[in-house]
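Next come two complexes, and both contain subunit A; in the first it sits with subunit B, in the second with subunit C.
Entry: the complex of A and B
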């Protein structure tokens, strides 16, 4: 696990990185919609906007606005100006990253747009931490967003079309979460709070176990989460009990069960410390969300609003944050393709 | 391959052949995914669909009572039901009915009207031509195309049978 001599390498195992100087997450921000604010984590979000259109004219504009608000909020919370951010690494679910392109255009920050479906927050934080520890940036803003109506329109049906969702279906979260990753600003405003660092990452491969049902994305993504977690434990030589929590992005009820089953057979019991952002964010009985929340915003606002807080207060010290993505498009689905999954693990720790 | 037995996670993990593993996994997913109750859904669909049909019948009776002949009365009924469906779609109510009633709202003509009105509302933002114009039939399009195609095929069959003196 240690780097050797002068010829220092940060690569660990087959797919992981152990950062030399673990980058700090100095601020997070979350913007959420009405339904999310009524969920169990509702009180933890920085900004709640009850208007699904966010004062705009279309769902695409609404999500762009959502992302802009999250970016501005996190910069403000970190006490920085836009010009202090070296790179913004971000993405969303809309075709050709509409929300990212239009939402943050005004901020005038150099941008790396990325797509990893709902795993994008893991990808953004991974790249952000690499840029910082590699010395290519002093401060990076990692951000993602999703919007229920925009996602329904793009991937499923018009909102007013009468249809029924199966129990395995998830509910796209309306929200945007942002974090600022930095190498130098280690100061903490409140000494009672911990510093939160990104210790390492494990980048996922595309994993496809042949699921074709786009309404059961938890099942499609669970094998990806399984392989990335297994790889993370192998690369770092860890047991699942090392982590206070292993938190997947949006597997939902069905996917979570599959993940726990698969890992147990592989010799890793995560049934006690596993959590899923999609399961946490909604009360599925009261809010009628079926298997749970999903979307880029789901893991992003859960991290920004909830997980980060738990680390700050040292309630948890070691978290494996693992946003999961289903890499399907409407075209690939119509052409009868399977739903490939991906999961990126970020080791976030209180220091 | 018809797998009847329960597949365990162990079999999926230990399977080295990708295709076989995917088959195992799909079977396993089927087992662990909660299913809708077919009986419950059928009852709800029967109720909601039945109510829509009763309304339709009542309308027909009313129009005939008002002096329309039977064909015209049915035509007025169709127009009225489509109008009501579009109105309810616009107010976001039809979707809620469909969530409960399922096929009961899908099968009657009101379902067809909903499937045309919903994209119209959704894609209005993309303009009169590329939005509403191009996308209004994204859901109903297949029904229209294959409906017309089927009637064309049946028409030819009917014509041939008539030539042969069968009908």
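Entry: the complex of A and C
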């Protein structure tokens, strides 16, 4: 087929890719809001801004600003210049991706805008890894963001309305996480630390079990996470115990229980090594965040601030990172449509 | 860097990729509405539906339906089954891509959702070509859609309001165009016809000249088209005359004039071989469409129905296909923000 003739070794099973020369994640950066800084992972974020407006005039501009800060920070941490980045692959939750369009325009990097709701970081890292591994980019910046107030305005109610939220509802994370993916084995940190690589990916299909409750997105997304994890295990012939952690994006309490049950019924027990970024990022009891955190930024800053460190220190060696997305809009919800889900898995390993 | 070691030959100049074994576009499909069928290209579309609701209950469902029909049609025309498609890469103009999410869910194909406003078909074909060329997919379905009524509701006014439109405004095309990209040299049509391949791509940056008028998107997008065309010519060391046609997406009358002027100032005369899908698709005088057609579907069905045929018959041998996007949302417009533009170029050639 192609010049290198090794297609067969790249495509694995029905929906997965195995990278023979796994691309490196050489740097991560995270920007978070005040509430996120007060959560259990608060000390791990690179930049915390206590002003929810991030010095701007609207929630949308605030999100653009925090995304720009994350992009600039990760480029700086990697010791690079904007012109060293071949592609920026990223997106956000706002209609027509306006946080992204206005946030990163001034960086002057070629942009591939993507949308997978809260699964977007998984999609960005998947596309980024393929472009780097295939020789189409020397360095890719994968980035996503979300903002609590912008998301409430976009999907639910204006904050001033002060609506009550059911316990199944999640709290959109204010934050932006970014990673730089490259084929170069460039050690920019302590040589004692592990290299972190993207070993493979499993790209999700849209899964719709008919859930219509936008205040229970965990339940809407759990079937998509189930299908992608099951396919990952099947495609690579693995048991769940292969992974130190199987980490979903923002299923929260409710969705996590459903996911564990669905996989158990299919013969896979992930109850011992499952973790959910939405559950980790907030202290449910103290922070009144109900089922947990959510949003594109939730999994992105948890990866950038927390998961990446665990791999660098070899506390974990193999992680399945699986951001999960609920494919609804205000319009589709108001028209009584279901909330389909999608989940994109990235196999991240210490090397 | 990677196993095949030929990175240098893939990345060309600052923003471009050259495919050594250019992937084939083996089939295209187009679904269009009544107004599009009455335009100059009307007889070229595979499916025309005179019902603007496409048998559904809302404009959004109508767009989902037309996208699904285009996907099914292109898979059928290529003699394939859904399971033969490794990735669907696509998107639409609606907030959170709901036309796509609901349109193609039942196809059960792994999905990479993308957003580049009306440049989305260029982005889909660019990513699709890289994934096929790199050995990450045997076949990719690239698809986009737009719907006049859904777009008016999303970006401007409800149709019932009956607002007047300035002459610089464009008319969103109701349609969906799809292509199948593969590394296999599979001739499914008349052997006398040319193979159509993707020779290279140039990925755009976000360009913002400060235009704020959402009724003059041609002017907002022209600078992005200018920058991408200029970069394409520089990266490959080409003159505009290399191409039989340089085809922008939906600049319309106003944007096309600006583009030609900008390039002329930079020393490139494209006045002889420039074409714009938005200008071609409607008869301005008879159809009252003002500056021309627009929308993700505009360039997609013009490519699928018209440009592809011209290449198959070798009437044209080299085309630069350059869908153009205006990165605004209703929210960003109402907040008084500018309309940044983006344009992704695909070099499509008869072989």
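Methods note: the second predicted complex is superposed on the first by the 340 of 351 C-alpha atoms of A that agree within 3 Å, B and C clash if a C-alpha of one lies under 4 Å from a C-alpha of the other, contacts with A are read in each partner's own complex, and residues count from 1 in each chain.
The definition used in the following text is that contacts are C-beta pairs under 8 Å (C-beta built on N, C-alpha and C of every residue); 3 or more make two chains touch, one makes a residue touch a chain.
Everything numeric in this text was worked out from a predicted model, so none of it was measured.
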item	value
Which of subunit B and subunit C A:211 touches, first, second, both or neither	first
Touched partner set for A:58, first subunit B, second subunit C, both or neither	both
Subunit B versus subunit C as contact partner of A:254, first or second or both or neither	first
Partner chain(s) touched by A:158 [first = subunit B, second = subunit C, both, neither]	first
Partner chain(s) touched by A:265 [first = subunit B, second = subunit C, both, neither]	first
Comparison of subunit B and subunit C by subunit A residues contacted	C
Contacts of A:219 with subunit B and subunit C, given as first, second, both or neither	first
Subunit A positions touched by subunit B in one structure and by subunit C in the second	58, 208
Subunit B to subunit A touching residues, read off their complex	8-10, 12-13, 19, 21-23, 25-26, 28-29, 32-36, 41, 89-90, 92, 94-95, 97-99, 102, 105-106, 111, 114-115, 117-119, 121-123, 125, 139
Residues on subunit A engaged by subunit B in the complex (per definition of touch)	57-59, 153, 157-168, 208-211, 216, 219, 223, 254, 257-258, 261-262, 264-266
Subunit C residues touching subunit A - in the complex, by the definition given at the top	1-4, 6-7, 10-11, 15, 17, 20-21, 58, 60-61, 86-87, 91, 93-98, 101-102, 104-105, 108-117, 123, 126-127, 130-131, 133-138, 154, 183-184, 203-208, 327-332, 335, 337, 340, 342
